[in-house]
């Protein structure tokens, strides 16, 4: 199995509902350093799994819908095509949101022909030097 | 599959028995930077896999039993509930010791309700900038 | 010259006023991974510049006044003893705010006797994997 | 499952054939920081998966065949026992080349008796702070 | 003193002349992860030292003249306005080349008004996980 | 000013005397990831400050005197030419010990001719992902 990973980041504001979150129930924010990993069993005729440059652009476009936004806002949710409505924007939920959008882009051919042959995608959001969360899915 | 990882560290002394260890047969020591990863298929009603704050506290408690100790000492082994007796405290063995204690804490409900629904735990010990070891197990 | 550095972090929301900030004029947020460096020419009788454990606690207390807050709020400014009022909470401004509070704590003896003999403090805030800002001052 | 990872690096020149590579079709180069991970279900009588010192030496020997070379050269390909001929030396292809050589060394006993009992090998090449590729295989 | 640092990278081929370089006399290559640090005593009316976004663009433009090139080529030297001719493109020399170009851009106003008030620039090139070189200069 | 930095590490056991150290008064240990920085105003005829390969070897030799040792032992102190006797082997003291030995080696010509023209040396010991100490001196 081959994997290719590209790194980018977003800076967002949000609050989390539920006693379990303690002071994180207040409006605060985060930088998420994002590692997007594309996995598949075969290389194409050029010897690559996906075009790493194009992969970086697609990751940037997907993340751009959340970058510099307050995720508690209706406007941010609209940017996120309502994919975040009615739930906490926890690190886990955001990782899944990013992975699902990347999966849709891969299936649509936006990662090139290699993208359609991918077996899976994993997205990791580093929220600090001591905590991170991931979501891994098949394609 | 979702994963949540928290990072902490311990500083211990020990020696390793066996010719294969060369100069590491002498009493020396290590800082282990520890990544504890909790994995599971579903998020709870709050939108999280486990409470990352509580997970960090449990990791700290488990590591606290080894922190600032000489693992060659009987007292250190008592702290480790004899889990290290009769074997080398290699990076691999310590990773398994930590993972097994975290698994017991998760099963006991110490990570909250989400902890009981976890599918697996992986513990990685970074012993330097060029070497690390992990142990991964199901729950 | 000796230096001791401890690392911690804060997660805040804020917005920045001024066209130069582009989309960062919207309410968004950041994780700042904070490196606080204490510098001085001499070690004390214990062979240390400052007690690294106590230094970590003081850094945590100072950062705790900003952690999980929206810096645009009057309440956050009150926590910051009005030290942030009337200015953008840029990474540079926040680095200076932290360094000045640490300097006051060192002068007050909160870092122990070694803290009073320090020559300088530098605070670096990493806002992502590709950008950081620092403020360095004498004591 | 246990895993042991050692890190080393190579500095090479090469060019990539195919329009997808854009400016990387020109002769350029890369530092690859290499993480070689050995995985297996059991520890040996010494309490280790493989001798981490020996593993580091074998990784260095395998990487040494590519280090400080222009991979477009026939001489470099000879060093690589023709394993790179007729294909692009993409990060993915190089990760597989390294993993396959490590697998052969493990099977030949060069990692010690523990090496013969390994279940798999994963090799990751970090080509910058924002991109990396891996190849994972069974043994 | 305030400092702002942005990170980017280049991937180049080159060879080094002189027995001291051993196997690095062969044509090989490197990824340089570049940290460009801008230092100055004062913040502007917006509360920043320099516009971090604009700084990142200028660093990318300067590095773009070397990215994906063979520095042994006359064409690469032309891109580098002959600034590299007649000398080894060691990590130290490249750090100085980048710092001098950034200094010229700052003086020309390309970093905005804050750029003209800078006191110094430091450029660090990380050539691997175990080696780096820097050049620091006043403005 | 130019700087060249090489990284290596040591793994030692020790205990620290004094109530300020709390549980670190017990025999424990540490991995120190060591960054040794050499600084000077001029490059030599080869375009380098010091031979980075030779610098790495000298750093390894100096660190080798402490590697895999219990610094509380008389034998370890003998290896350290009594440079550690009668004082705590704190991170600060060890940083100075390494810097002073590197300075002596530079002055003796062991870093090559460039080493004699150095202006200063700084040694940083990272004791974990959240703490480090440095010693900086002139030559």
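By written order: A, B, C, D, E and F. Residues from 1 in each chain.
Assume a residue touches a chain if its C-beta (ideal position, glycine included) is under 8 Å from a C-beta of that chain, and two chains touch if they have at least 3 such contacts.
On a predicted model such as this, the values are computed, not experimentally measured, just so you know.
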Looking only at residue numbers at the chain A/chain B interface, is the share used by both copies over half or under half? Answer same or different. different
Larger contact count among A-C and C-E belongs to A-C
Between A-C, B-D or B-F, which shows the same interface as E-F, counting it as a repeat when over half of the contact pairs match? B-D
Inter-chain centre distance, chain B versus chain E - centres from mean C-alpha coordinates, in Å: 42
Taking the mean of the CA coordinates per chain, how far is chain A from chain E in Å? 31
Whole-Å separation of chain centres (CA-atom averages), chain C against chain F: 28
So which bits of chain D are touching at least two other chains? 7, 129-130
Please name which positions on chain E make contact with chain C in the complex. 1-8, 43, 46-49, 51-53, 56, 112
Of chain E, residues touching chain F in the complex: 16-18, 20-22, 87-93, 95-96, 124, 129-137
Residue numbers of chain B touching chain F in their complex, please. 7, 9, 11-14, 23-24, 26-33, 67-70, 73, 127-130
